[in-house]
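When the chains are written out, they are named A, B, C, D, E and F in that same order, and each has its own residue count from 1.
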């Protein structure tokens, strides 16, 4: 199984956290890098989009979002019944796992490009589209029958939230300017992408390590869920992609998207909209387990799966 | 203190940064004429919040106002946020110049 | 408080960062033996100052000193800066250790 | 102040950032149930500390606690750090909500 | 009219501000990027300067600065009489418009390089020279007959101010090291320039949007001034450049310089030296209107103008 | 003597400090750049290490560290007896000069690459190995016979300290991934190295200038020591390297390492472990004199020395 070197930076960060190093990635560097990554991913997607008729995307997009919306709806009863989580906790965790992780997606894309495996450029559009429905569903699950669902606030939180704004903004700029127009910006947004992703992952490693304590409170069920859920969602993603006729790379990426758990947009939105939910549970699981799992084990597995399914479905 | 000072109440709120916007909006609605915010990190009942990651940052919000307004804000915060959020509040008596401002 | 504490006055100045250097220079000139500054943002009569841009940042300056020095500084700041700059001052009584320092 | 407030002591420690970890560890050991830290710069007996370089940064640590705990921490800090480190401490009386926390 | 893609980032920032997104470019990123941009512009100019005898510059420089100094002197009475601004407000606004905006210059240069339009490398020298005379004049206008003009403080503020220091420092380093000596630094200072300018403009968009509120207080006169003044100054710049025999690119850039309004050095200097002036007026006009206007409409117009004047004067 | 342009940035920073410019490099930028530099140096060393059998390194490493450990042991009595420094001050200064400066090493390497002078890639390993023994020795010297040496704390401080963690982490990642595996990260970690080093040096110039005041308290002896010590240590380094049969480049770099004084790891460790020592003395000497001295005079001298010794020993 080929190994993507950026993951080593993540592991170094985890190690630094575990040995209680004084290494601290300044919060501002974290924010700056995440602005860069979101913009760059958006721009890249926009350039790809400019190469093809948008109308053709509508059908697959509907399917991808529709199937994706099943994920929180499936996760919720499992968490509530089997895991005995409170309604708000179950809803919040379901929202995290229903939504997507931009960085997991980026590592997946890096993994594929390392293998020189092509994928559909418009996967970024799915990244954007998959980010928020699960958040809405999570809030609705938490507040059902309580009246104060406050979906409006969440909608604003998500749509005016920086991750959607930068991704969609990047998409639009890339689409308007096209590959030719963006060329003078390539040296920053494309050439630096992988190196800066590595530094970002170093920081994510530190953050993930600081979440390991939360896991003790989480209990064995949630630990299991944090591994089983991405495997289930990844399989669903690979199947969906095969049915839609995506390339092997595209299928691996859709599997990665489904399997990934949000730790930027979802925590922020849930903290505001479902305050009763304990963030230690959802963030601990998503960041402490699922994120590392996807990086190290998940992505290669989804790629392997995508290859097995090629031509089968 | 030889200036024409006036006694006002200083309410200091330390809470997770995810609710900064909500808290200052509440303070304005309840009659505060100003506030000051700085970033902080800390430790308390909700564990360590080291500020290395957006979700783990704290803010320190100071609101100078008449005692009644400070009381109203503190009561509201206690009712609204104490159960679910990392938050600490304290009040103290200070002397202000420009008392018309608060 | 069982230590040999001494009462001192804490002057806290919140103002736009463009005059930080001037304010601390004035404080030193008027007898302060130290000060502490941190960056802040806020809202007041002069509108929102969100700190996202150098001209829109605030600072929070703390000066511990004898009451008379604190008074002198506060009076001076009021005379010099209140008319034209975003600024708030408040004073409070605190106990210090190492009283010889202030 | 119409709320059920309780008097607590606020200990504020301003010191060089290189001993932040040691100071908060000491405070926890001596009974503090929480603390809040923010970055600062300043000037004092040890000269200017402008925060532009890791070794020249200050921190401002606030600890809310019962008077006896605050006293114990302040005494300990004075004994342990005053001789060799840039440090200032002050104590004040404040009213807290959620008094069970401190 | 060709479109420069970096402007799209500015518009994205404005949009983020207008929809009240939680996107915040950290102040430290702003400062870091402005250090980079100032150094890079200086270095680039220095490398160009090294290619030619300095003595030849003296004459044109004198004319450029002399004509430039007229701008605040013309603007002041207009603002005071026609605009009914107080003396200090009129002086402060005049200083902002008499001085120059480094980022507007950078976008102008990017625009030209996009069109493969050459320009005189020593334009950066004019950028440096034009920054401060207007600030002096502004303080003098505000304090005339008041005794406490405090020009010394302003002089220090400007010359030890970071924008002059980094521009001039960059110029000197570039001039001393030459193109060959700087080569190992090109990958940062030249290759990354446009991409980082784009990110900076994203932030400037956010800042500009936060100034729109100020504009309400500014009144219709100032709004008009914020568009008429750059057009007038730009025309004067294009004419001056033509008389001096600059290339079309050089003329477009000098027009851009004259037309631009300072929002880094001027606000800082005026805040200290003319505290009675209301910064909301000058910054609101310079940043809320003139800066976007120059980016989107002004620069292409000045270029068009420079082309019309080619060979005419 | 060829001139390395990055030094001009350092001088610009010093100038900015001296004229009391308002230029401030944000602390976060400093930290971010130092994370980058440490990682990049580690990665580069790791890639070189991967090219050769590690076993061959053991012998030279032992000698290099052994001779290096003499430096603080020689410096200490000189400082205590001749310089009349208190025991803790002498121990702390000795630790600073026994340890090494990563940035001085980086400038030395840049100097060599400017001259197209090759050097042994594993010098980075010595950089890592030389960082901490002197710190241990310093603490031991300060606390001898006092019982509370607290070496455990210092050991953790150093090994979990960010500079060792990032250097060693980078080494390991570079070694595991190899030149081929790191290729996608080259655009950040290798291409940007020199330009970002230049910006870092600009900041170091500002910091060094802010230490000039300390020098007044330091007294003439320490000023002399801050120049004599690096010359002595550099000579020892060039000799050691010649005996070990290193290339001219390698000898110049080992001399630079011995001659350099730590101002990242040492101040942090000494402040915790030897609080009685006055940091103004050690940091003033190391950063205010030795660092600039090495940049401008030392490195070319050590290179010249290495050339003279070539084939002699």
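A few comments on the model shown:
Heads up, the rule we're going with is that a contact is a pair of C-beta atoms (placed from the backbone, for glycine too) under 8 Å apart; a residue touches a chain by one contact, two chains touch by 3 or more.
Please read all numbers here as calculations on a predicted model, not as lab measurements.
Both chain B and chain D are touched by C. Of the two chain pairs shown, D-F and A-E, the one joined by more C-beta contacts is A-E. In the contact between chain A and chain F, the residue numbers used by both copies make up under half of all numbers at that interface. Rounded to whole angstrom, the centroid-to-centroid distance between chain C and chain D, based on C-alpha atoms, equals 19 Å.
Centroids of chain A and chain B (each the mean of its C-alpha atoms) stand 35 Å apart. The distance from the centre of chain B to the centre of chain F, with each centre set as the mean of the Cα atoms, comes to 46 Å.
Multi-chain contact residues, meaning those touching two or more other chains, occur in chain B at positions 38, 92. Shown for chain A are the residues that touch two or more other chains, namely 24-26, 28, 31, 192, 268. Per the contact rule defined earlier, chains pair up in contact as A-B, A-E, A-F, B-C, B-D, C-D, C-E, D-F, E-F. The touching residues of chain C, counted against chain E in their complex, run 16, 18-19, 22, 47-48, 50-57, 81, 83-85. Of all residues in chain A, those touching chain B in their complex are 24-27, 30-31, 203, 206-207, 210, 213, 264, 267-268, 271-272, 275-276, 279-280, 283. Within the complex formed with chain B, the chain D residues making contact are 1-3, 5, 8, 10, 24, 28, 33-39, 62, 64, 92-98, 101.
Touching chain A in their complex are the following residues of chain F: 28, 31-32, 35-36, 39, 156-157, 159-162, 165-166, 169, 172-173, 176-177, 181-182, 184-189, 192, 268.
Considering their complex, residues 3, 5-6, 8-9, 12, 15-16, 19-26, 28-29, 110, 113-114, 191-192, 194-196, 198-199, 202 of chain E touch chain A.
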